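What follows is chain A paired twice: with chain B in the first complex and chain C in the second.
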Partner chain A sequence: MREFGYRRVLDVSGAVALLDADPDARFLGGGTNLVDLMKTGVERPARLVDIRELPLDRIESAPDGGLRIGATVTNSDLAAHPEVRRRYPALAQAVLAGASGQLRNMATVGGNLLQRTRCGYFADVTKPCNKRVPGSGCPAIGGDHRNHAILGASDHCVATHPSDMGVALTAFDAVVSYETAAGPGELPLTDLYLPVGDTPHRETALPPGALITGVTLPPAPVAAHSRYRKVRERASYAFAIGSVAAALDVRDGVVRDARLAFGAVASRPWRATRAEALLAGAPADAATFAAAADAELAAARPLPDNAYKGTLMRNLVVAVLTELAKEAGR
Partner chain B sequence: MTAPTALRGAVGTAHARVEGRDKVTGAARYAAEIPFAELAHGWLVLSTAARGRIRSVEAGPVLDMPGVLTVLHHGTAPRVDSEYIGMLGVPPDPSVALFQNDRVPHAGWPVALVVAETSEQAREAAEALVVHYEEEPHDIGFDAGRTDAYPVDGHMPAVTEKGDLAARLAESAVVVDAEYTTPEEHHNPMEPHAATARWDGGRLDVVDSNQGSTWVADELCKLFSLDPASVRVRSEHVGGGFGSKGVRAHQVAAVMASTLLQRPVRVVLTRRQMFSLAGYRSPTIQRVRLGADPDGRLRALEHESLSLTSTVYEFVEPSAGVARAMYDADAHRTANQVVRLDVPTPTWMRAPGEAPGSFALESALDELAEKCRIDPIALRVRNEPGTGPVSGLPFSSRNLVACFEEGARRFGWADRDPRPGMRRDGRWLLGTGTAAASFPAGAGPSTAALTAEADGSFTVRIAASDIGTGARTALTLIAADALETAPERVRVRIGDSDFGPAMIAGGSMGTRSWAWAITVAAGELRERLAAGNGIPPEGVTVRSDTTAAIGALAQKERHSFGAQFAEVAVDAGTGEVRVRRMLGIFAAGRIVNPLTARGQLVGGMTWGISMALHEEAVRDRVSGGHVGADLAGYHVASHADVPHIEADWIDDPDPDDPVGIKGIGEIGIVGAAAAIANAVRHATGVRHRSLPIRPDRVLAAGTGAQDA
Partner chain C sequence: MTPPTSSAITLHINGEKRTLPVDHRTTLLDALREKLDLTGTKKGCDQGQCGACTVLLDGRRTVSCLQLAVAAEGREITTIEGMAEGDRLHPVQQAFLDLDGYQCGYCTPGQICSAVAVIEEHAAGWPSAVTDDVRPEAGPPPLTPEEIRERMSGNLCRCGAYVSIVEAVARAAAGRTTAESAGHPTVEAAGRTAVEAAGRATAAKAGEAAA
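Let's look at the complex of A and B:
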């Protein structure tokens, strides 16, 4: 592995100044993904800027009922926070559904959003990959793609975004704050990830050298009644093959408000806006839930070995929304 | 039945591992952790081409990189001799004859070794090394339609047959004819392969992680044409082997480099390299045909298995062999075939043959029970053979029915509603299943040295390997009883080829083979001590060799047996399958140390969960190499997948073994995957004939009458 320099920074302006001048540098958060990628040669930074000491490790309640989550808050702290668990239970569940206790103690919120796909071709530098080496091709399309994208992919890349946390944050309209040498900025999480198109190597809309400083969750009363369900090929310590973050507000048997996002089906956490539109105002029953899932999945373009994900997501949406509706009726 | 020796209480009672404290405190050093002065580090470079020739190795630029000492490849490496028969009676896999020519027979073939002052420098240079290939089209297509498959014997005949199969099948009232598949599976021991080689006073000294130090010493000695007395291999602590830790590229590379550089060289495999260099279990395609009377009595049994091997070495995964010991029929045919592909050579992996073979055969028995509408245990009892179905030899002991009876009682089998899809717990469909298990019981020649020390303690020296099984502790208990002393007064030293020839830790034969040698030496030592001449300062040492005694064993069907039970929960909407509980009851000879024996059996059953639901290496047709060759991509059961597992045993001492041992290393995994698959069938009504039973397969199959 390539030798690299290491600097620890204590303030945000110092951090972004270091990266602004140095395209070969990377921010190091928990290192739970970056260090793996450095070992396998996918990432070869010349310098690491360790941001774990930055004063971004707080979770603050906003006066309007939302939350502001610092970028270096660990997954463990986020999942354990009483206000997260009370106001956005699906977020806490999503975090706890990911990785292992040791990894969650290290991994950070900012790093989680910027983690790379776990596509086996991307992770192996001896194989072609348009995301790693633009123009080299996508062997997953004709090869192993059982856990690849069915929504929003392209002929150039079918990789999925692996985050669980991001799925819940997407459902709850999270906004990402960042800092660059030129000043601060904000992006809704749904706009953070770029469409795949023919540029799968360009993953986010963040300006070069930007440091994610935090995530803001706007107030969302519906989120207090929410759930994250993750399906994977073993009971723990595996990435999702399909997941759902859902929130449901039901009154008198009618859906008043619904939030729905999918994981492991696209290059980004997938906000199911078509399904949400269909749910709003409709009867809270299995037929509605199935129709909502179908509406969202109508755009699915599966490959031969991942077509099961359509069935999986439909069943999962119906199961989770039915559970939430049942609980609302109690 | 009782074992023929008098027993004194250590054997049969639970003892914590004698080296346990050293292991949990980190005091126990593993192969890659032992420090050496002037140590250099080698890093292997593996082929990215799946077939062809090496056109050039561009070593020049790499030699200029920081710390790089040398680059070994086919143009620079010393010649070795791979035309020999090794200690186990087979020629070596030519894969260990490193860097001898420019041929590349598969992706992941070692093409160079870069040696540098530090491991990081070696790795960086190895990854920078440019190798040009002349690529040829490769063929890794493994399917039932291969016309180039052919029968291979391995350590048993490829084909056995008796009776008129077609006629007996035609007149059978009930017929099962089904194909089962198992995927490529990898050992993945916790500790990666690692070796340090150095020349010390004219002797080659190798510190390694292996399953037999005399075995590896013998192979290295022959490969490098050395005097046997000038090679020493040590391997005291080993973090798992499962069949993968014999002579491999890392030891050979380390010896080559240390010879050239005249300084110690260490080579450690990465997890990803292990997928290409450590061997693996071949995928199998198996067809089982059963013909039976309406009451389930077998008239015809055929088990055919196809596995793959490399183009350089013939290895067979003998999955069809399991029926030769398990079930009889008027017409009986078993056949193991292989096809040669551009892939690495597979090797033994825990319960070779029996693990995949029992999945197919015990699934087929379950299918037959359902068709005959009889209980799956009753079906097996009805088909208990009196003698070896193929050999006609008597069984040394066969307590399979007793295992089923005890297991059924404890599992609550009698309360089972045989109809599928009847039990539910929320979103989960519940089902139970059972399967039989067997594994050959054998012993290999070993030597041991026992010393009565002047202070009243004893030292045992034997080239045994404790690969995490608890063998060293078991041998301590056996020696203590044989010497009529307390275990605390016995030191057992293992893992050193200087202790003389000994059986490897493999084939469930290690502990039994070593125990035999220790028992014989202990008997003679006690006689010597009883003669009463006192103990001189250097102690009194007795050596034993069991070659003649083991050679004199009568021909019998010698096996361990077991009954596996599993309860599973299946969410048909998501395809998730979870094992809720397992019970295994085994008849596996005398149990030396119940504590570590339970660990062995539960470990095997846990691997059965992995085999049934998770494990599968994926090969990419285009590149010919693996995708996801690491523990994130290759799933083994996580702790959350492992429910309440109970393993226990019935009294079953082997009448022909001095201690009564049969061996417990592999039997725990045998039948476990079939019990789980049979339980999935019971839960959902769907028969899954391909492992692993993944969510996508469960979803595709749905529920009801279809088969997957």
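Let's look at the complex of A and C:
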């Protein structure tokens, strides 16, 4: 590991000033991803700015029914929070489906959104990778891509975003707040991640040196009837091979409102807007749910070894929406 | 200017203060084992995947292999060496002994640290990925074997002693260890652990939000 300087900061302005002064510095939150990547040499910062003691560890309930989640709130505290569990149960479920109890205690909301792909070629500095070394190539396309992207990928990169939390946040229209030395800014989570194209090394639309300070969830009554379901290769403590965050409001057998997002199929949490458009106003039955899934997955461009994900996601969408519709009927 | 790449730090470990110089690259795991002679905490994968290095940080279970020592300064660290009170084993340790919750023993310190925290997390009402209804109105789920397996999934045991581990955690959680009948403290009685403090912190935050 490269040697590095370390500074603990107590205020946001001090944190962003340090990053502004040193482009080779990185923010350290829980460290569950960054420290691991430093050990393997993927990340080689000259300085770490420890943000764990910034006053960003609160979850505040807005009177309008939304929530404001600080960037250094740990995954554990987010999933245990009564208002998260009550108003956005799929968010609590998504967080609980990720990692282990130990990692959820360390990991933070801001870090979760900015974590790097778990593509094996990205993690291995002896292999080419367009995301790690622009222009070096993508061995996953002709190699091991069983768990790679089927939506929104390119000929340059087929890596997926590994977050579970981000899938639920995407379904619920989360907005990311950040701070830079030049001032604050906001981005809808759906705009945080850049299209892959031929620049997979450019992952987010955040300005250089920006610090995510929090995530705002607007009020969404439909989110109270939501669910996250994750498919993985073992029963627990593994990344998704496909996941769905869904919310459904059904009245008299008709879908009034639907939210749908997919995980582990793209370089970012994937908001299924085509599916949502098809669901609104349609009968809440399996045929509608399958048609909605098909509409979203029509754009899928699978590789030889990950074509299973299309079937997986279709079945997952139908199963989760059917469950939610049943619950609505009770 | 190149920033300094090492610091003198003071760590609070098992109720003691220990001051030591560290290269910033040193993980808490390596500091414990190589610098402080606390070798109860084990190194398995060194990538945060096996749980052998689990310790409590401010009462919360943490993998010490991904925790930089310099970033642990000022926080309360509890390792397996800090679990017993003198010769009296922690109820979770006693349950592992009584029920053979191990074979080779290498993962055991991490399993026990994790289990101590699991019991407190459950007591604080935290749901898990196998909890059917996470809404607070549904109440805390019973600590079934399925719940224990999910909550302990961050601790691997290559000997495959899982059946006994689940039993040991269940027994310790129920306060029904053999040690109890011999006059040893139950989990509840030994509850003045830092772990409970973490539970209270969560409850306090929840209270703030509800207010």
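In the analysis below, the second predicted complex is superposed on the first by the 330 of 330 C-alpha atoms of A that agree within 3 Å, B and C clash if a C-alpha of one lies under 4 Å from a C-alpha of the other, contacts with A are read in each partner's own complex, and residues count from 1 in each chain.
Basically, contacts are C-beta pairs under 8 Å (C-beta built on N, C-alpha and C of every residue); 3 or more make two chains touch, one makes a residue touch a chain.
Keep in mind that this is a model prediction, so the values were computed, not measured.
Student: Tell me the contact category for A:Ala99 with respect to chain B and chain C: first, second, both or neither.
Tutor: Once the two structures are laid over each other on A, A:Ala99 reaches chain C alone.
Student: Kindly classify A:Ile59 by the partners it touches after superposition: chain B alone (first), chain C alone (second), both, or neither?
Tutor: Touch status of A:Ile59: second partner only.
Student: Once chain A of both complexes is superposed, is A:Glu3 in touch with chain B (first), chain C (second), both, or neither?
Tutor: The answer is both, since A:Glu3 touches chain B and chain C.
Student: A:Ala17 in the overlay: touching chain B, chain C, both, or neither? Say first, second, both or neither.
Tutor: In the superposed model, A:Ala17 contacts neither chain B nor chain C.
Student: Where does A:Ala295 make contact in the superposed view: on chain B (first), on chain C (second), on both, or on neither?
Tutor: neither
Student: Between chain B and chain C, whom does A:Asp77 touch in the aligned arrangement: first, second, both, or neither?
Tutor: second
Student: Of the two partners chain B and chain C, indicate the one touching more residues belonging to chain A.
Tutor: Larger number of chain A residues touched: C.
Student: Please indicate which partner A:Ala282 is in contact with in the superposed arrangement: first for chain B, second for chain C, both, or neither.
Tutor: neither
Student: Give one of first, second, both or neither to describe whether A:Gly120 is in contact with chain B, with chain C, with both, or with none.
Tutor: first
Student: Which chain A residues come up in both lists, the one for chain B and the one for chain C?
Tutor: Touching chain B in the first complex and chain C in the second, residues 1, 3, 235-237 of chain A appear in both lists.
Student: Can you list the chain A residues touching chain B in their complex?
Tutor: 1-3, 40-41, 118, 120-121, 123-124, 126-127, 139, 142-144, 146, 231, 233-239, 241-242, 305-306, 308, 311-312, 315-316, 318-319
Student: Which positions of chain A touch chain C when the two form their complex?
Tutor: Against chain C, chain A makes touches at 1, 3-8, 28, 31-32, 35-36, 38-39, 46-48, 50, 52, 58-61, 76-77, 79-83, 85-86, 89, 92-93, 96-97, 99-103, 105-106, 235-237.
Student: Applying the document's contact rule, which stretches of chain B touch chain A when the two form their complex?
Tutor: 48, 120, 123-124, 127, 272, 427, 573-576, 578, 613-614, 618, 620-623, 625, 627-630, 632-633, 635, 637-641, 694-696, 699-700
Student: List the residues on chain C that touch chain A in their complex, please.
Tutor: 2-5, 7, 23-25, 27, 46-48, 51, 54, 57, 60-63, 66-68, 70-71, 114, 117-118, 121, 124-129, 131, 134-137, 149-155, 202, 205-206, 208-210
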